[in-house]
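First, the structure itself, so that you have it in front of you.
Chain lettering (A, B, C and D) follows the sequence in which the chains are written, and residue indices restart at 1 in each chain.
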Amino acid sequence: MNSIPLFLIIIPLFAACLILLINFLKTHLRLTRLISLSSTIISLIIVGFSTIHILIKKETLIYNLGGWEQPIGICLHMDGLAWFSSLLGAIIALFSLIYSLKEKNYQYKFYFFFLILLAGMQGVVLTNDIFNMFVFFEILSIASYILIAYSQEGKAIKASFNYLIISSLGMSLFLLGIGLIYQGCGSLSLTQIGKTFSIKGGIPPSMFQLTVSLIVVGIGIKAAFIPLHLWLPDAHTYTPTPISALLSGITIKISFLAIWRIINILEAIDFQYLFVWIGSLTALIPVIWALSQTDIKKLLAYYSVSQMGFIITSFGVGSTLSLTASLYHLLNHSFFKSLLFFSMGGVIYATGKRDLRKLSGLFKKMPYVAVSFLIGALSISGIPPFNGFVSRSLIATSLKKYPLPLFLIFLASVGTIASFIKLMMIFLGKERTKENNSGNFGKEKSEFFPDEIKKVPKAMIYPLITLSILCFLSGIFPSWITRGISNFILLKDLPYPIKIYSFSNIGKSLLIFILGIFLYKFITTKYGKRISLKINQMEPGLNNSLLLVIVSLIVFVIFAGIV
Amino acid sequence: MEFYLTFLILFIGIWGIVGKENLIKKIIGLNITNSAVILFFILIGHRRGSTAPIMEKGVKNVVDPLPQALMLTTIVIGICLTALALALSLKMYRKYHTLDISQIEKLAKDE
Amino acid sequence: MEKEDKSEIVGITSRKLVPYILLFGFYLISYGHFSPGGGFQGGVVLGAGIILLCLSRGISLTEISFSRQKITLLEISMITTFILLGIVGLVMGKNFLSNVFLGKVEEVPTAGFIFLLDLVIGLKAGAGIILIFYSLAKMR
Amino acid sequence: MSKKWAKEILILLIIMLLGIIFFSGFYPHLPLNLAVSEHYVARGERETGAINIVSSIYLGYRAFDTLGETIALLVTVSSIVFLLEKKEERNIGKRR
C-alpha cells in the first residue's frame, strides 16, 4: 500500500499524455472530458483510500522510486500534512473540473494543462526530496503560466508574463538555497537534511539564516505573502474561472505548506516568529486595495492574499492551537474562496459583465448562485454559524500574546465585511428595469437590462451547492474537526477543550460586523470614492515588484540575524 | 575565490531582470541568473585535480557527479522558461507593438 | 527565410552536412551511458541539425520531410513510452522506474534501462526543440 | 531624466547590499561530507550498468526528476504551439 503517493502523481500525468495522444489528429472533446474527469475522480478515491493508513494507523507511506533507499534515490512520503493537502487539492480540482465542463467549451489543451497542474500540485506535496520539489514547482508554475494566458487577451498575457518573471527569479533563489543545503549536508532528501543541516551540526549560523531566507523567499513568491504578492491580483483575475478558483484555492496553499514543511525540518524557530508580523501585514494591506476595486474577480483575488495572511500569522505563533487554527483556516479558505470564485464566474457567465457598478438586483434571476454566494460571503466575513467564524476566532484566541498583530487582523476582518457587503449588492441591490436604470452608486447609467441573462447551467450549480454545504458543515462541527487536525495531522493533542461558540467570540464578530457596515457606508460616499480612485492608481509595475522581492530577501536575512 | 565570481554573475543577472525596461533584456537577465546558479552548483561539486566522473579503467579521483546530474534538469527548465517568456513577449509585441514594460502597463491600464 | 534569397552553396553544403550532424546526435544518445553525452545533449544536436536545414533551405521545404504532424506524434509517443517504461518496472514487481533488465556492462549498448531512457529522452528533446523553432519562426 | 538615474542608483545600492549579505553568509571551505556521492561513484556502475556516472544518476537513481523535467518540456512545447498558432490552424483542428 506504499505506492499510493506514486499513483497520485502518475495518474494525472498518464491521463494528460493520453489526452494528447487521442486529440493528435482529430479532436474528440467528449472523450477528453471523460478521461480528465475519471482521472480526477480516481485520484480522489485513492486519497480517500489512503486515509485508513494515515489517519487511523498513523503511519507515513514511504515509496522509494527506482528501488533505492532514502538518501540515494528519490522517495515519496505521505504523512498527515501531505495527506491533508492532497485531499484538499483533489476535492477542489474535481469541483473546478465539473464547473469547467459547461462554462465554455474549452479546447482539449485546457484539460491537458489542468491535469499537469494537478499532477504538479500533488508532486510538490508528496516528495521527500528537495530538488524534486523544485522540479514539481516548475511544472506547477509552467502549467499555471499558460493557463493564466489561456484567454490570450492583452491583460492576461501581461499578467502571465509578470508572474513568469517574478516566479522564475524566486525559483533561482530557491535553487541557490538548495545548493547551499547540498554544500552544507551533502544530501538532498528532506529527512537527511533535517538530521544534519542545523547550527548544532556545524553549519555556521549566518549560512543557515541565508539558506532559510533564500528558500522562504523563493517559495514565498508562490505563497504570496506581503512584499511578494504583487503578481497575484492580475494573475488570478484574467484566468478562466475554474483555474482562478483552483489557483487561489490550492496553489498558494501548497507553496505555504511546502514552506511549513521545510521550516519544520530545518527547525528554524526564529523564522517562525517573523511570520507573525508578515502574516498580519499580509492580512491588512491587500484589504485597502481590495476596497477600491470594481472588477469582481480582482476583489476576490486581493482577498485570497489577505486570507493567506490570517493563515501565515497563526502559523507564525507556533503553539499547537495556532498550528491547528492555521490548518483549519486553510481548509475553510479553500472551500469558501472557490465557492466565491465559482459564484462570481456564474455572474460573469450569465451577464458577461465584470464591473461591480454595472451589476445589481440579480437575486431573482439566479437564486442558486445568489444563495451560495451569500453563504460564501458570510463565511469569509466570519459570521457565527459558518466556518470562517470558527477558524478566525481560533486564530484570535491563539494570538493572545501578540496584541498588535491581533489588532491588524481585527482591522482586516472589518475591511472584509465592508467589501463583501459591496459585493452582495450585486444580488440584493435594486432591480434594474428599463425605466429606473440608475446605477446604485450614483449616476452611471448602466446599459445592463435584466432580460439579457443566460441561464446558468446545472453543471455549474452543483459545485456551488456542495461547496456551500461543506462551508456550513465545517462551521457546525468545529471541535470535531479541530481535534481531528491536531491529533491525526499534527500528532499533538490539544491541551484544553476550546470553547468556540462562546459569548466573547460571538460578541467580537458582531462588533466587527457593525464596524464593517459603517466602513461600507463610508466607502460609498463621494469622499470615500475619491480615496479609492487614488488607491487604484498606485498599481506597482513589474520592476517595482521585482525590486521588492530582492528587498524582502535582504530584510529576511537581516531580521533573522537580529532575532 | 571562484565562488565569488559566480555570485558576481548572479548579481549581473539580477540587475538585468530588475533594472531593465525592455522585455527581451529581462529574459536575457533571467538566463544569466540561471547560468550563474548552474555555475555555482558545478563549483560546489568540484575538487582540485580530479577528472570527469566516467569510470573507465584506472580512473581514481573523480568530481562529485550529483550536482552535474541536477544541473541537466535545471538547464532544460531554464530553456522552458526562456521559450515561454519569448512566446509571451512575442504575443505582447503583436498586441501592444512595444517591448517596453512601462509602456505596456500604461496601454493595458487604459484599455 | 524563403528559398529565393538563399545562395546555392549554403543549400548544398547544409544538405550534405545535416546527415552527419544527425549521426553525431544519435552517437551522443546511444553512447550516453558509456562516454560523456546523454539523452538531452544528443537530442539538442538532432534538433540543431534540423534547424540548420530549416535555416538553409527554408521552413516550407523542410516541412515536407520533417512535417509538424510527424514531429508532434514523435514527441507525444516518446513521453508515453517514458511513462510506460516506468510502469513496466512497476509491473515487474520492482518499484516505479526501476532498472528492469540489468544488461552486462562489457558489451557496448547493453546498459539496459539507461540506454532506453536515453533514447526516449533524446528523441523527445529534439522533437521539442524543433517544434519550438517551427512555432517561433513562423510568427511573422 | 534625474528620476531614471535615481532608480538606477537605488537598484545598484540594493544589489550591493545583497552582495554583502551573500558574501557574509557563504563559507567556501566548508568540510563537505560526501556520503551520497561516494555511493554513486563506488557502486553506480554495478547498480545501473552505466559507466558515465552522471547518466546513471539522472537516468537511474533520480530518473523521477528527469520524468518531471521532460513533462515540463512537453508542457512548454504544447503551450508555445497553443499560444502562437494562427486562427485558421486552430479551426482546422476543429473541422476535421
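Criterion: contacts are C-beta pairs under 8 Å (C-beta built on N, C-alpha and C of every residue); 3 or more make two chains touch, one makes a residue touch a chain.
This one's a predicted model, so the numbers in the text were calculated from it and none came from an experiment.
Taking A-D and A-B together, the chain pair joined by more C-beta contacts is A-D.
Distance between chain centres (mean CA atoms), subunit A to subunit D: 25 Å.
Between subunit A and subunit B the centroid-to-centroid distance comes to 29 Å (mean Cα coordinates, whole Å).
Centre-to-centre separation of subunit A and subunit C, using mean CA positions: 39 Å.
Averaged C-alpha coordinates give centres for subunit B and subunit D that are 8 Å from one another.
Of all residues in subunit D, those touching 2 or more other chains are 11, 15, 18, 22, 26, 32, 34, 36-37, 40, 45, 47, 51-52, 54, 58, 60, 62-66, 68-69, 71-76, 79-80, 83-84, listed in ascending order. Chain contacts: subunit A has residues 13, 20, 25, 65-66, 131, 135, 138, 142, 145-146, 149, 152, 183, 188, 547, 550 touching two or more partner chains.
The set of subunit B residues that touch two or more partner chains comprises 10, 14, 18-19, 44, 54, 66, 70, 72-73, 76-77, 80, 83-84, 87-88, 90-91. Taken as a graph of touching chains, this assembly is complete, with every chain in contact with every other. Only residues 45, 47-52, 54-56, 58-60, 63-64, 66-67, 70-71, 73-74, 76-77, 80-81, 83-85 of subunit D touch subunit C when the two sit together in their complex. On subunit C, the positions that touch subunit A within their shared complex are 69, 72-73, 76-77, 79-80, 83, 86-87, 89-90, 94-99.
Put simply, subunit A touches subunit D in their complex at residues 13, 20, 23, 25-27, 65-66, 68, 71-74, 107, 109, 112-113, 116, 119, 123, 131-132, 135-136, 138-139, 142-143, 145-146, 149, 152, 180, 183-188, 196, 202, 204, 206-207, 209-211, 547, 550-551, 553-554, 557-558. Subunit D meets subunit A in the complex at residues 10-11, 14-15, 17-18, 21-22, 24-27, 30-37, 39-40, 47, 60-65, 68-69, 71-72, 74-76, 78-79, 82-83, 90, 93-94, 96. Residues of subunit C touching subunit D in their complex: 32-39, 72, 75-76, 79, 82-83, 86, 96-97, 99, 102-105, 110-114, 117-118, 121, 124-125, 128, 131-132, 135-136, 138-139.
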